[in-house]
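In the two complexes below, subunit A is the common chain; its partner is subunit B in one and subunit C in the other.
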Partner chain A sequence: MYDTPFRAERDVSAKDTKIAAREVQVYYGDTHAIKDVSVDILDKTVTAFIGPSGCGKSTFLRCINRMNDTIDIARIEGLIEIDGEDIYDRRVDPVQLRAKVGMVFQKPNPFPKSIYDNVAYGPKIHGLAKNKAELDEIVEKALRRGAIWDEVKDRLDAPGTGLSGGQQQRLCIARAVATEPEVLLMDEPCSALDPIATGQVEELIDELRQDYSVVIVTHSMQQAARVSQKTAFFHLGNLVEYGDTDKIFTNPQDSRTESYITGRIG
Partner chain B sequence: MSDMNRHILSAFDRDLEGIQAMIMKMGGLVETQIRDGAKSLETRDEELAEQVRQGDKAVDALEDSLNEEAARVIALRAPAASDLRVVLSVMRMSANLERIGDLAKNMAKRTSVLSQLQPVNGSASSLRRMARDVELMLKDSLDAYIQRDAELARDVIARDSEIDRMYNTLFREILTFMLEDPRNITACMHLHFIAKNIERMGDHVTSIAEQVIFVVTGAADDLPREKVDRTSFDPKYSVQDSEE
Partner chain C sequence: MSDAANPASPAASNNGARSIHTVDARTKKRNASEKRFKYYGIAAIATGVFFLVVLLGSILWNGVSAFQQTYLEVPVYLDPERLDRENPSSATTFTYNPLIAEAVWERAQELGFGDEFEDEGGMSPLISASAAAIIRDRVIANPDLIGETIDVRILAGSRVDGYLKGRVDRDSASRDRNIDVAHLELVDAMQENGSIRKVFNWDFITGTDASESRAEQAGIGVAMLGSFFMMLVVLGLSLPIGVATSIYLEEFAPKNKFTDLIEVNISNLAAVPSIVFGILGLAVFIQFMHLPQSAPLVGGLVLTLMTLPTIIISTRASLQSVPPSIRAAALGVGASKMQSVFHHVLPLALPGILTGTIIGLAQALGETAPLLLIGMVGYIATNYPDGIASGFLDPNSAMPAQIYEWAKRADPAYYERAWGGIIILLVFLFAMNAIAILLRRRFERRW
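Right, the complex of A and B next:
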């Protein structure tokens, strides 16, 4: 037996592929929104999608848990697999898929229910708790992981919508992790948060990658640099460059990536 | 100065141009320091030597403001990729230029002492030629920086071997002078330190040229370099050998 060799914190080479996309095309009516995207997203890794507005990064993110199914004019071609299973296979139940692939949105969207019920809802419908005590435990654990427990533990019956924007977002993250997903998709999760709440969410993202594959869409280049190990740069529906975050931010290979991350007119 | 299109935030462009203009100003000052230091040595001009000694303060002050300004750009602009390389290279280059400035100042200090001593024939003009070559290398490395010309930078790096060869020759020459007449020893010791100083300047210029390659390519140039200065481990540069 050999000792595990020294590995830099950001080293991701030893990780397995969690999500594999091959030649994915997305059309909204006549608009070709995603053009021939192939990418391997790793397990236990934070992957950041960056790119200017309208570049397709959110569209591609939403393909991963079939959120685009809800848009009538959206048409998807190509293959997306999670753990080697085609998620667009007819036998796949989107509801089950979304339990495995959690999502956090740009705008906090708590259910019009109590804080407790917001988090308990998912575990309840998926039958993750045998009794009230277990459910209480799941809710507390999720709220702690969402870095909001201390702020809400004395008012779990209060409505989730009564929290501040930053607290609502952390509640939504707690809700997303309550079902113990394997993949967590985050679409601009910090755009409505102050720097302290952003820091807490980023710390949380870093913790989550111990267990999950996290994919985050962000407009903040600094956030991508801070939290991710892999970065994908999208431009006009193309995946222009995908690689180690360190490399993308110090010496990108494509001039479009360089222009974008240095804040130049591309 | 930018090798790419402009930033959306034009103040960022102004900041980057600002620190690069400062490094050019500093480089120009240091070129003058080398030139005047060597000139004062050859012409035994104590006044000019004193001017060089005083001139080092301006070089040091520029280094300080450059480092402050570079830190400000890092803090406020969070530069990435090629922008980050510009800031990093400017900081490293300013450290090199500051060292070259110190070496020029030291040359001027020794000139003041040498002017009081009996001249040793020929060495001062050889030293001035050597300093002239280093000054040209510095000028070319700064031009290469502004023009983002990695080829010119590689040329500068190659030319450092010639400086090392000149130093080897001077080393033996100075040794011979000392053997010929022990009364020359004080002056020769100073001349040797000056020769070594100029040789070190060449190494700092080489390091600046390497920064040019880093800025242009995003990677350090790892070509092996010829080791030409053999005075520290080759017995043919020893006294015994010269006595033969």
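Right, the complex of A and C next:
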């Protein structure tokens, strides 16, 4: 692959736990999709979930902001805490949770509205802006964070769907950060992008780490190695190995992890 | 160039391999069947187009003449001796009839007719029975006309109208007690002289229904109003109920046996014959709820029942066509279910919903069977509704029911009116479908 201009720092010892999962089970009808997953995800860190297709990494990601609630047959057991609060507690409104845990999807999915409205929508429904000026400020800040401001500042009224794939994905990231989340979930955010757009998004992910706990699902091990500090390897619904990215890729403890990263299973 | 000199030539390299320059039997067969299938398709479309042309052609052929009406143009002297200027409504149409007949008689004598008819009484087959009432209304509106000779258009009788349109000829007139061949001679002379003319028939479009013997006066206007008020009821009820039902079923309802049952029932309701809805309306709205008979309100309610499944099915289809990624995106930024539906899904589904609604309305507009059962048919459409409430509640007819009613009547003049009514109905249906297509073109979003 190509060389990345940045090198993710590996010192994560002093970070707090942001998301704590304990013995999480997910069932889709009769299928046991996630088995006994326990993991601590740190704040201000990029955590990568890797594993072969169908291993449950996306399913687990979607548990963290309760997107699985929208699937009728999905059933979740176990405990997931964010900042020490159980997100599956009866008092939790998933809407409030999702304002705190933003999500970026595999396929760029901007609303078929203007670029401005795409970003402004979240802050509007959460009442983050008192007036138009404040909203403008939030939108600009989010677009700058999404590293797309310079490309779209002159055409904020243009439809978001008219941008290129890479721009759309960065718009979606801007939309996700506009609601001031604390955790950012990314489900294979670069799978629909070309290498150049992928590079831009990866650079962006590394910057976002300063403010958020970023969890990224990826099929590309090179990507996991480039952007993440922590890596979790999933296989057949199990969390096989979780640790510092350096360690996972250079000195995996489990034979399955080793087989996967060397390309023997997948 | 020989093959030996050029070993790269195709002929040389094709030694023993399958040639793609000769079509093998299997490919030939496949191509032939493909071609055959294409011809079947073209034949099917050609048949369809042929029947469509025949249908539209026969409708126009039979119906266009309804848009012209024959009038006599002779000056009528409003004799002050017989009409009271102070109290113009005291004179009935019996007073006016001779005035008109005399005016026509005078013109007939000017043209050299006379012996055949004895006196002005012989003129009555030329004049519509409604002509006196039309002139009387005009005099009542403006009593100063009394004592003057006015140039007025006198509605001609339906036989005269038929003669000018080719429906009546000398042969049929000789067997007709209502008109003689001599009258037709007079009509010919008057037409040459300019006293009988066909003009565009606004009264057919705006007018009221008329009795069996006055086909020349009948119009579809009141029935059009009846249809209009019914469509208001249908639109006002079926759009909100249908859209709300669809949104609930599609976006909120859990998928279980009960909602499955509802779904199956909605699909089945769409296929229920409309007369069943008619008898349901008769039983529930009229016999049980005692709503007024023959009223557009009841007609609208019945047609609402009929239109709902259509609207629900098309609305659900357009909600389903909104990509799930839009819903995920909305939920992902923390929108509630309702916000995601109303801010994102519904606007994208709107063109489809509107199209479905308009098509449902068009269907309801052309529906006759249920109206027969709730009494929205018959000789009732003779008065314009006065005001909104009476528009909904007073007995009225509807366009298709009026057409059915005309088609039943004996006078061939009504046959022509029925076809004319069909043209008007089709114009409305085409207009509604055109609006549906425009809406779809205009608001369709791509993502």
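Observations on the structure shown:
To be clear about the criterion, the second predicted complex is superposed on the first by the 256 of 266 C-alpha atoms of A that agree within 3 Å, B and C clash if a C-alpha of one lies under 4 Å from a C-alpha of the other, contacts with A are read in each partner's own complex, and residues count from 1 in each chain.
We take it that contacts are C-beta pairs under 8 Å (C-beta built on N, C-alpha and C of every residue); 3 or more make two chains touch, one makes a residue touch a chain.
Please read these numbers as outputs of a predicted model, since none were measured by experiment.
Look at subunit A after the overlay: subunit B and subunit C fit there side by side. When both complexes are overlaid on chain A, the residue A:Ile261 reaches subunit B alone and has no touch with subunit C.
Contacts of A:Gln96 after superposition on the shared chain: subunit C is touched, whereas subunit B is not.
Using the contact criterion defined above for the overlaid structures, shared-chain residue A:Pro195 touches neither subunit B nor subunit C, since it reaches no partner.
Residue contacts after overlaying the shared chain place A:Ile125 against subunit C, while subunit B stays out of touching range.
By the touch criterion defined above, A:Phe111 reaches subunit C but does not reach subunit B.
In the superposition on chain A, the chain among subunit B and subunit C reaching more residues of subunit A is C. Put simply, the three-chain overlay gives an angle of 140° at subunit A, taking C-alpha centres for subunit B and subunit C and rounding to the nearest 10.
In the overlay built on the shared chain, the residue A:Thr161 is in contact with subunit C alone; subunit B does not reach it. Note on the superposed arrangement: subunit B and subunit C approach each other to a least C-alpha distance of 32 Å. In the superposition on chain A, none of the residues of subunit A is touched both by subunit B in one structure and by subunit C in the other.
Against subunit A, the residues of subunit B that register as touching in their complex are 4-9, 12, 78-84, 218-219. Put simply, subunit A touches subunit C in their complex at residues 65, 67, 70, 72, 95-96, 98-99, 102-105, 107, 109-112, 121-122, 125-126, 161, 172, 175-176, 178-179. Of all the residues in subunit C, the ones that touch subunit A in their complex are 254-255, 323, 325-336, 339, 343-344, 348, 445-447. Against subunit B, the residues of subunit A that register as touching in their complex are 221-222, 225, 249-252, 255, 258-259, 261-265.
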